[in-house]
Amino acid sequence: MQISLTELADHLGAELLGDGDITITGVATLKDATSGEIAFLANESYRKQLSDSQASAVIVRPDDAESVAGSALVCDNPYLAFARTTHLFDNRSPAEVGVHPTAVIADSAVVGADCRIAANVVIGEHVELGEGCEIGPGTVIGDHCVLGTQCHLNANVTLYHDVTLGERVRIHSGTVIGADGFGFAPDQGRWVKIMQLGGVRIGNDVEIGANSCVDRGALGDTIIGDNVILDNHVQIAHNVELGDGTAAAAQAGVAGSTRLGKHCTLAGNAGVAGHLELCDGVFVAPKTVISKSITQAGGYATGTAQMPINEWRKSATRFRQLDSMARRIKDLEKQLKD
Amino acid sequence: MQISLTELADHLGAELLGDGDITITGVATLKDATSGEIAFLANESYRKQLSDSQASAVIVRPDDAESVAGSALVCDNPYLAFARTTHLFDNRSPAEVGVHPTAVIADSAVVGADCRIAANVVIGEHVELGEGCEIGPGTVIGDHCVLGTQCHLNANVTLYHDVTLGERVRIHSGTVIGADGFGFAPDQGRWVKIMQLGGVRIGNDVEIGANSCVDRGALGDTIIGDNVILDNHVQIAHNVELGDGTAAAAQAGVAGSTRLGKHCTLAGNAGVAGHLELCDGVFVAPKTVISKSITQAGGYATGTAQMPINEWRKSATRFRQLDSMARRIKDLEKQLKD
Amino acid sequence: MQISLTELADHLGAELLGDGDITITGVATLKDATSGEIAFLANESYRKQLSDSQASAVIVRPDDAESVAGSALVCDNPYLAFARTTHLFDNRSPAEVGVHPTAVIADSAVVGADCRIAANVVIGEHVELGEGCEIGPGTVIGDHCVLGTQCHLNANVTLYHDVTLGERVRIHSGTVIGADGFGFAPDQGRWVKIMQLGGVRIGNDVEIGANSCVDRGALGDTIIGDNVILDNHVQIAHNVELGDGTAAAAQAGVAGSTRLGKHCTLAGNAGVAGHLELCDGVFVAPKTVISKSITQAGGYATGTAQMPINEWRKSATRFRQLDSMARRIKDLEKQLKD
């Protein structure tokens, strides 16, 4: 891939400062960029790398334009411009259009035009694949699943039966959609399984990372809204609903029947208990446990902050005495008042 | 599936109040049920939905029977009755009995009657499958594994060698049983692997969710008792023993050589350190770390409770000062006494 | 496998006390060992099992040699000697050398001598496998991957394109290497994907457990040093760098662009935030969140210690009041001074 800086500026709708004839052959960080590559400055903490960068051009905000030694592409959102630039330089070899002879596809399945079905894929009865879907090796799609156009399931993904994906959904390897929710009724000391009769419905432009799980509903569906993004090792339990644009970082989890609003963010390993409602725009800090519903947008946290382990032991010991400490303070206040 | 309310009452051993001739065609929540569907009331917080429900009948406790507008099935444990009802309405298409031509099965393996072996299954040497097992597409079963009757491994499950399952064990996709435990000896700054020579033994009526791991023993076996239920993303390390009826919610973990008694419950992302013993009937709260053995049944927790992040920062800062705060309180008490 | 105690002493470089003609047929714990088996004492808490052990011989430190009733192998590091002994008694049936007829291997791929390629393996274009690699059933290796000699990928592993492994790398089932990092730019309330253009580079003598993830770099590679050991369910995000000999227990996670030094240890479910640097020799306690860079070796922790849940509730309530408690103490001190 080669593009002139002028063409790239046009593509991004950015203002060009400098030499538009430069040929851009790749994208890199300010620190690692070499001649021919374009870099970007979005995070202020990397600003000090601007002067030493060997990049042929840098994408910057108007305020930073003067600090660029070479050529610059100036725009209001350099991080977005960078994201769009990465699409131009994606170097992955595309899979071939067609169905690999080792794929096992049920007669009742319908495969849309221009699909790419890799080796050892297994597709169940009455499945519908939209146009231009790509299904990686070893991926299994259960009966009655429906995939919209241009979905991309990587290798070794598993979809159980009755899973519906919108358009342009990407799912990474090892991820399991539609496994049974964790539902059991206690019966005199024994667990009796609750059959999970619902399915999973996923919106458009969703991406789900590797080794994540979205369980099927017990009754009714588990629902993932449009443009939701989930990282690796994420757990979405049965009958959860995630609003449009919500994001969950790696190892986050949402327990059964909980509803998250739009544009919520779960940081890494954040957890939300079951049967709760979180309004739009909630941010949950890393490893935080949410145990009550939230009606006001903003950030929430649990836990304590990082300490050397010997000091931590002292604080942890005192934490057990907190109630007594509080009572003793009250007592002192009373004594002093008297 | 269709069943009259009278027949369903008989099946569940419930008392029928109302019209026994109603045909029940499905099961749903109080909120979502429509005509022809049966709902249930088990969790008091949903009681307010009783009056507006469109369900044709509701499974309730005797106390709630009067509040049901239409027909009711009355029993002491509506949640259990609901669980049993879901088995009647399970709509999954059963896999075909037989072995798919793409399955690769070692000559020395023994496959019981009425098994359902899907596409691309790989079964190793000397494996024994009991009657009526169902093995999903892409699942791999290592040498010398033994599965009891009516086990169900979903798609893309992996069993290493020497894994023994009891009867009616269900394992969901992506789960790995019998991978090496995490055992290494330090040798002058380098890790030397300890070969994991044991296996895994799993009891009857066990269910393991998706993308979970149960490691093989280093010496001797990792042991999962009867009727244990594990959710998704659960980690069971080498030589752990889980007592009968113990349950672990998603992202829980138990470190090496720890033994849990019977009927313990690990909530979501709870963790138990290695080489510990937990007695019967221990409940571990969400995201709690258990670092000492427990000899008394009951609930245990670590961590703090959910706060707006700005307030949390203040408390987290003070947590570092807890030891000093405790000393200052003591000092004040001494001064005041003097 | 059978070996005389004299031969084993020679192999381990240990001093033999007792009968060198004993035939050792297996290795076991002090508690479970029976006649013919060798046990070891490395952890002091198991010392009380020494007198009752039925082991034919025990590997011990010089200080413990007198306490062994039968024969002993004496050395400075019994745990290491035990590790080396397990390699002698590894009972796994080796896979056959050769390529299973169901494997799908691109014409441009190069498979080294003495490789063992199992059923349903899929190997992409321009892949290079070193001599003596073993690839388990259902494993998928993407285009342009390079594996050094004697790598062992178990069943159902997934390598995306452009992943490079050193020599003697072991990867357990369900693990995904090279999936896209979690990179998205916000654009007026929508997430725009950042294509992940980098790869993954893994050193020599690395072991990665089951169902773990190492994401590919966004720009440039994610890098795992030599002799790194990762347990199950571990998350390594894009552009992370792990120094030689670093270890991460199950469910640990490292967020994007963070660098860990050499010989760091992440305990179970420890988490490290993104864009940080940890120096060599850092230990992170279980379920701890690291949110700031660390420049001094040693242990670090967050969280609180295990409590009965009713007592915990009191402390958790008081935690919310910590700032007010601290102010009241200061106030009391001031009043008392006045």
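Think of it as A, B and C in the order they're written, each chain with its own count starting at 1.
Just so we're on the same page, a residue touches a chain if its C-beta (ideal position, glycine included) is under 8 Å from a C-beta of that chain, and two chains touch if they have at least 3 such contacts.
Bear in mind that the values here come from a model prediction, so they are computed numbers and not experimental data.
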Give me the superposition rotation angle from subunit A to subunit C, based on Cα atoms, as a multiple of 5 degrees. 120
Examine where the copies subunit A and subunit B touch and state whether the two sides share over half of their residue numbers (same) or under half (different). different
Compute the distance, rounded to whole Å, between the mean C-alpha positions of subunit A and subunit B. 25
Going by residue number, subunit C touches two or more other chains at 102, 120, 138, 156, 174, 211, 233, 251, 269, 287, 303-305, 307, 317, 319, 322, 325, 329, 332, 336
So in the complex, the part of subunit A that touches subunit C is made up of which residues? 27-29, 32, 45, 77, 79-80, 82-84, 86-87, 89-93, 100, 102, 118-120, 136-138, 154-156, 170, 172-174, 205, 207, 209-211, 227, 229, 231-233, 245, 247, 249-251, 263, 268-269, 286-287, 303-310, 312-313, 316-317, 319-320, 322-323, 325-326, 329, 332-333, 336
Which positions of subunit C touch subunit A when the two form their complex? 102, 104, 120, 122, 125, 138, 140, 142-143, 156, 158, 160-161, 174-176, 179-180, 182-187, 189-197, 211-213, 215, 218-220, 233, 235, 237, 251, 253, 255, 269, 271, 273, 275, 283, 285, 287-292, 298-305, 307, 311, 314-315, 317-319, 321-322, 325, 328-329, 332, 335-336
